[in-house]
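Please find the structures below.
Paired with chain B in one complex and with chain C in the other, chain A is shared by the two complexes that follow.
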Partner chain A sequence: MTEPRVKVATCSLAGCFGCHMSFLDMDEAIVPLIQRIEFDRSPLTDIKQIGRCDIGLVEGGLCNTENREVLHQFRAHCNILVAVGACAINGGVPAMRNHYPLAECLAESYLNGVNVVNPQIPRDAELPPLLEQVIPIGQEVRVDYFLPGCPPPAAAFMEIVSAVLEQREPQLEYQQRRFD
Partner chain B sequence: MSRRVAIDPVTRVEGHGKVTLMVDDDNRITEARLHIVEFRGFEKFIQGRPYWELPLVVQRLCGICPVSHHLAAAKAIDQIAGATELTPAALKLRRLMHFAQVLQSHALHFFHLAAPDLVFGFDSDVSRRNLVALIQQHEALALQGVRIRKFGQQIIEAISGKRIHGIAAIPGGMNAALDPGAVREFQDRVGDIKTWCEQTVRLVRKLYLQNRPFHEAFGHTDASSLSIVGGADQLELYDGDFKVIDADGALLHRHPARQYHSLLREQVKSWSYMKFPFLADHSPATGWYRVGPLARLNTCCGIPTPLAEQARVDYLTTLGSPVQSPLAFHWARMIEALHCAEAIGSLLSDPDLSSDELRVQGDKCHEGIGVIEAPRGTLIHHYQINDDDQVTMANLIVSTTHNNQAMNESIRQVAAQHLDGRSLTPELLNLVEVAIRAYDPCLSCATHAMGKMPLLLALQSTSGNLLQSLSRDADGHIQYAD
Partner chain C sequence: MTEKRSFTLDQQEIPFQPGDSILQAAQRAGVYVPHLCFHPDFSANGSCRLCVVSIAGKTVAACHYPARSGLQVTMNNSRLQQQRLRLLQLLFAEGNHFCPSCEVSGSCQLQALAYDLGMTHYHYDPFYPQRPRDGSHPDFFIDTDRCIFCDLCGRAGTEQDHKPVYRLGGRGEQTRLLIYSASGKLGDSRAAADDKAAHVCPVGCILPREGHYRDPIGERVYDASPIHWVGNRRRDQHAAPAADSAGDPSHD
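Up next, the complex of A and B:
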């Protein structure tokens, strides 16, 4: 009998990719794991449109309208949606820009920056509009689990995927519940 | 009437990068535009924070090379704290941590992202051209990659407490010594790591030379190279002065790292959040340059570890200096990985590493500039503070930003070689990916991309009418739609 396989999708919105890297920090354990899971849309595969998935791991909060679209696609296609890391849960470091009006942040980089030539605020059909505030994903869609940490340790990723495979509630050991 | 061809590398860049090709009446590509659609606002929101927070906050710009940001910020705040010279123990700990970081990042790029292309072929079935297939079909090779990366990450963890976003550097030094037990354990393993890196250099060399004409012509653009270099122009990743050479290899500049602002300027373009750095004594059109492994092996005159030096000499005698083919990035990157493994080996047996003299202090000043070679190239952090220790000005030029124009030139070159008349081909779509990926654009620092990207290509008239589009689905099938 073949073991059950679960479909996993992952994405990075306004995050730093550290959460994805932490997933890979399970090292050699990735080899037996990928016999049991199948990656759908993820930066690790070339799949463009998300299909029906058992679990979606979302890194990062929302900083532009494209992030919002991707998040809604994830919610619509994933049975279980997980907010991974401080940015997805609370907005994280990117949300520090919420203390200033967006226009001031743009001006600092593109108008007043050191040695800037042709100062202008970028504006183009290809650039998705920025949100005035960076927001956590739970403010936009329903979230099933929150995996804390910046980033969560590799063992926490292993636990949540194993729990889905074994159809049980995930249990995070004290050491896996990080807030740094 | 000129037209626009938009390439939307949606998935693998998580919507953070797109390409538009500008085409003239004769179907010649006149320009390629890689749009960076992500904006953070770090320069503004860091204002008002205490300066000693910088290494902790700023590393969260990038989870792939956080140590480079941590240390570039640390070098800047050393100056603010008046620490003109670190203790040997602190300096060596930082260098060890940085070598470990470049090693793990280069391993990640090669094994997890680029190897599937190189091993299976650029035109192989896209649904199988990924890490999962690499593990399934070449488990031994994939495991080597996983273990090289693990070794680097564990050294970082031993020094900073965590593999990603740890705490190690403080103004004027480091916060803790390295446990001697951990040092012995790493010493036992570094031999294998070196061997695997040597094997990988041989593998990349073989793959490159197997299809040499294709590799050499692909995205070929004559560019200047910029990096920092050490004494006697040796390859140097942690500290040194700028060296810039032109496309023929002639010296353009040697320049003190802390005076970056008299060497470089940055142009803003309306269609990207990523700026376009160029040499201040040139125009934006002629002053662009390349950074990263390819550039570093062009600017340096030697590598201070024997195996990597041997590999460098072989690489340059085989390809001719300076190397200008983006696909040679992969080869150069693995030579650097070998150098890191060797350098880690010698640092681990350095007696200074066990000293607990880790911190110096001096007279505080209000400005600091940290320049370092991150895995993807030169990284510049510049800060000013006020009398209350709050940051008042921040300016960052990250590695991928330096390569902005070079990437556009390579894309243009590839598109010019392969755009077939007026219609888009699956081949073109595929090759544009490969060109972008060679630069290992980082991804988080600048675009969030993790290497490969499936593309949506659209052919547009100047009035914005969609003439034709082409995309690839999950099974790797190409679909045309009107």
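Up next, the complex of A and C:
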């Protein structure tokens, strides 16, 4: 008899997908793991709508309104929500723009930047408006666990998923607690 | 016959010399007490409060509390560790500590204490304060985003270099690292490459311009071993001072 599989959803908000790459960095360890988990919405499956899930792994902070919408969907559909990586936890490198007003950042990129041709600030209905500041996901919704690191090591992903499978609290060893 | 001078720190007997603080005596005995703003060469400041210990139910800073015979000092219990964790999280939240882009990541004492205390997140919403940077000096770059207001640079300047260069100004949330020069820039100050004040920063605020990213990940000061084993050490300190190393590995 096969055990019920744990449903896992993942997404990258204001992140670089580096955390997703690190998840895959567990190499062959993913083979036995994949027998016990099933991916729902994730860039790994290309499923666009999230269903009921056991674990939501959220990479990246919030930099625009779409990030905020996706995060609330994840919180509503996932029993356990995990902030994955420096950006989800404290805004990370994208939050370095918080030093400057949003209008100044846009002007630097699209109006006054070096080699800018036909200067204009992009405005399109399909582009989600940027938030004034990049914020960590814990500032918007309740977060159950945090995996620090840029990115968190593959072993940390393994530990959080294994802990849920085994119905115990995750324990991150010294080597798995990285901020860089 | 002279009376034996000692107190107990988590049941371990610690001898002390007249004038010692709890922290000084513990360091001399090779017992690691968590700290950021203390340095054995300079007067105690007491600003980081990470050296909190409990004496007769009272929480005090070990760097300021005078050692006395017969004291029973508690350093590692879950309540004090939780207080240290929250203090660290406040330090992270009130600055701009972007470890992935920091030159001293892996060899940073603030980060190392966070690793050691099992910190995974800030707990508090980040302040994202606006703080200036200063690239006016040929040997050093100042990134006050990372300053934790320990005043080690200020004390080293006053007590060893005998020239004022670095000072803390303002109060509370508005506290800032100030440079003593007409323009407020380091380039116009009396700062020199071999100043002790420039080589005592426990984080990445006063940065030498050269020598970064040479240690591969895995070989940086705190990559393999926690700070309570390694002691408070900077990357440019090849051997840790004896009193500040060889902590007791049982304190986790």
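The definition used in the following text is that the second predicted complex is superposed on the first by the 179 of 180 C-alpha atoms of A that agree within 3 Å, B and C clash if a C-alpha of one lies under 4 Å from a C-alpha of the other, contacts with A are read in each partner's own complex, and residues count from 1 in each chain.
One rule holds in what follows: contacts are C-beta pairs under 8 Å (C-beta built on N, C-alpha and C of every residue); 3 or more make two chains touch, one makes a residue touch a chain.
None of these values were measured; they are calculated from a predicted model.
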Q. First (chain B), second (chain C), both or neither: which does A:92 touch?
A. both
Q. Of the partners chain B and chain C, which touch A:76 in the superposed model: first, second, both, neither?
A. neither
Q) Hey, is it chain B or chain C that touches more of chain A? A) B
(Q) By the touch definition at the top of the document, which applies to A:179: first (chain B), second (chain C), both, or neither? (A) second
Q. Now for A:133: first (chain B), second (chain C), both, or neither, which partner does it touch?
A. second
Q. In the superposed arrangement, which partner chain does A:146 touch: chain B (first), chain C (second), both, or neither?
A. second
Q. Which partner does A:103 contact after superposing on A: first (chain B), second (chain C), both, neither?
A. neither
Q) After lining up the shared chain so the two structures overlap, which partner does A:122 touch, if you call chain B first and chain C second: first, second, both or neither? A) first
Q.
Output check: A:113 vs chain B and chain C. Expected answer is one of first, second, both, neither. What do you get?
A. first
Q. In the superposed arrangement, does A:19 touch chain B (first), chain C (second), both or neither?
A. first
Q) Both chain B and chain C contact which residues of chain A? A) 92-93, 96, 99, 150, 180
Q | Complex interface listing, chain C residues touching chain A | A | 92, 96-102, 105-106, 111, 114-116, 118-122, 125-126, 128, 130, 217, 226
Q) For chain B, which residues count as touching chain A in their complex? A) 6, 10-12, 14-15, 18, 20, 33, 35, 37-41, 43-46, 57, 60-64, 66, 108, 112, 126-127, 129-132, 135-136, 139, 142-143, 146-147, 149-150, 153, 162-165, 261, 264-273, 275, 280, 284, 382, 395, 443-444, 448-454, 456, 471-474, 476
Q. For chain A, which residues count as touching chain C in their complex?
A. 83, 86, 89-93, 95-96, 98-99, 133, 135-136, 138-139, 143, 145-148, 150, 172, 174, 177-180
**Q.** Sites on chain A touched by chain B in the complex
**A.** 11-22, 24-25, 27-28, 30-31, 34, 39-41, 43-49, 51, 63-64, 66-67, 70, 92-94, 96-97, 99-100, 102, 104-106, 108-110, 113-120, 122-124, 126-128, 130, 150-151, 180
